[in-house]
Amino acid sequence: MDSEAVKKAIIKQVQLESNMNNAKQLIEKINENCFQRCVPKPGSTLSSSESTCATSCMEKYMAAWNLVNASYVKRIQQEVHNNGFAT
Amino acid sequence: AELRQFIGNETQRAKIQTQTHSMTEICWTKCIPASSKGNKLDSSEQSCLANCVDRFLDLNLATLKHLSSLRN
Amino acid sequence: MDSEAVKKAIIKQVQLESNMNNAKQLIEKINENCFQRCVPKPGSTLSSSESTCATSCMEKYMAAWNLVNASYVKRIQQEVHNNGFAT
Amino acid sequence: AELRQFIGNETQRAKIQTQTHSMTEICWTKCIPASSKGNKLDSSEQSCLANCVDRFLDLNLATLKHLSSLRN
Amino acid sequence: AELRQFIGNETQRAKIQTQTHSMTEICWTKCIPASSKGNKLDSSEQSCLANCVDRFLDLNLATLKHLSSLRN
Amino acid sequence: MDSEAVKKAIIKQVQLESNMNNAKQLIEKINENCFQRCVPKPGSTLSSSESTCATSCMEKYMAAWNLVNASYVKRIQQEVHNNGFAT
């Protein structure tokens, strides 16, 4: 294995861990927020309306995450452009 | 090897305890109202807590399934 | 000290720390949740009804923790049994 | 050097993601009511979320400015 | 030795600060209503905060006592 | 650099980091609590009443932090004085 290959392997590994970690955090937040919202009184099974609510909630939560992330990155770029520094 | 096994078990036990802390807090708010009387959980509070854990884990599984279906 | 004795000492120490850590987290959660619930308007002393509420709250919180833990472990065992893996 | 650059970028990306998790939770509660229907965000929910991020960052900046003015 | 003393003090100071952050958040919600006016805490808000800290610590002590009585 | 100078440099560095860390946590709490309170419905700019609320909120939050810290330290000193140990 030459040093270029080692470098690539390290980069890949770091990115993988970072993505896994991010996905794990997102799943945790989805579970907490959507359980809170969709299952007010836990019964002996997940009712079909609770399931529907949960699917819709998780899709919207992910969409919200993406939108918040995009708005945040855009804002950082504006600040860097206007002031030469990130806030 | 025996020691490695022990460390593995302990790590899993620690994860389970951490998750238990977080579910207890969520289910406490849902199942034990501020008006709850006495020093013991009554039977409806107990079954609410057990259901709360199972439905929370159902929802976890559903999220994981949904996410992996999106990826394919 | 032979290596068996060293092993036992390590195991005991790890278990002790793990239990202490778990107890510390439980006490923290009890304090936060029971203070929130039992002391809505903090006065110059803890009134006797606030104290009674707090004792009852901590006993029920611990009972809830044990029940949640037992339900969780049972569910993990079912999943392992049904699917061969833990969720 | 290339690797150091990469690590720096990854560190910044991780910070941005962590902050995104925390803002998503705050803005979710403010902008997506429990009564929200359907599987997609509607346009008023979308603009509320974008505004929520920008106003949250405005307030962050205001706090930092205020604190540094106190120090001088 | 002097350095070890310093590290010990700093560790305790950090613990106190972390606990202060958590109590401030709890007591802020209990003692400073959203309708609170002006840039300063009024005297009833101040005494509520001081009481809040003392009652929170009373409850901490009571929990510890209760737990150790259960163990015996 | 003699060992006394090294010691002083370490002490200064530790204090600096500790203070920065504390300030960072305080700013985070202020932003969360004051945004929650002062910006109920985020619009396309921060309105002047939202700004006024935010300034007043952050000043009172800092005053609350100082008061809580002082009460806490006082209580610890009392406990040490009465029982010979901190709680």
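We just call them A, B, C, D, E and F in the order they show up, numbering each chain from 1.
As a convention for this text, contacts are C-beta pairs under 8 Å (C-beta built on N, C-alpha and C of every residue); 3 or more make two chains touch, one makes a residue touch a chain.
All of these numbers come straight from a predicted model, not from anything done at the bench.
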Item to check | Smallest number of contact steps required from subunit A to reach subunit D | outcome: 1
Next on the checklist: Let me spell it out: compute each chain's centre from its C-alpha atoms, then which one is farthest from subunit B's centre?
Outcome noted: F
Checklist entry - Given the two chain pairs C-E and E-F, which is bridged by the higher number of C-beta pairs in contact? => result E-F
Checklist outcome for this item: The chain whose C-alpha centroid lies farthest from that of subunit A is chain E
Next on the checklist: Roughly how far is subunit A from subunit B, centre to centre by C-alpha average, rounded to an integer in Å?
Outcome noted: 22
Next on the checklist: Averaging over Cα atoms per chain, report the distance between subunit A and subunit C in Å.
Outcome noted: 29
Checklist entry - Residues of subunit B touching 2+ other chains? => result 27, 31, 52, 54, 60, 64
Checklist entry - Can you list the subunit C residues in contact with two or more other chains? => result 55, 59
Item to check | Going from subunit A towards subunit D, every chain in order around the ring | outcome: A, D, F, E, C, B
Checklist outcome for this item: Counting only contacts in the complex, subunit C reaches subunit E at residues 23, 27, 30-32, 34-36, 38-46, 50-51, 54-55, 58-59
Checklist entry - Inside the complex, what are the residues of subunit E that reach subunit C? => result 22, 26-27, 30-31, 48, 51-52, 54-56, 58-60, 62-64, 66-67
Checklist entry - What does subunit F use to touch subunit E in their complex? => result 7, 10-11, 14-15, 18, 21-22, 25-26, 29, 33, 37, 55-56, 59-61, 63-65, 67-69, 71-73, 75-76, 87
Next on the checklist: Using the touch definition from the top, list the residues of subunit E that touch subunit F in their complex.
Outcome noted: 2-3, 6-7, 10, 13-14, 16-21, 23-25, 27-28, 31-32, 34, 36-41, 45-46, 49-50, 52-54, 57, 60-61, 64
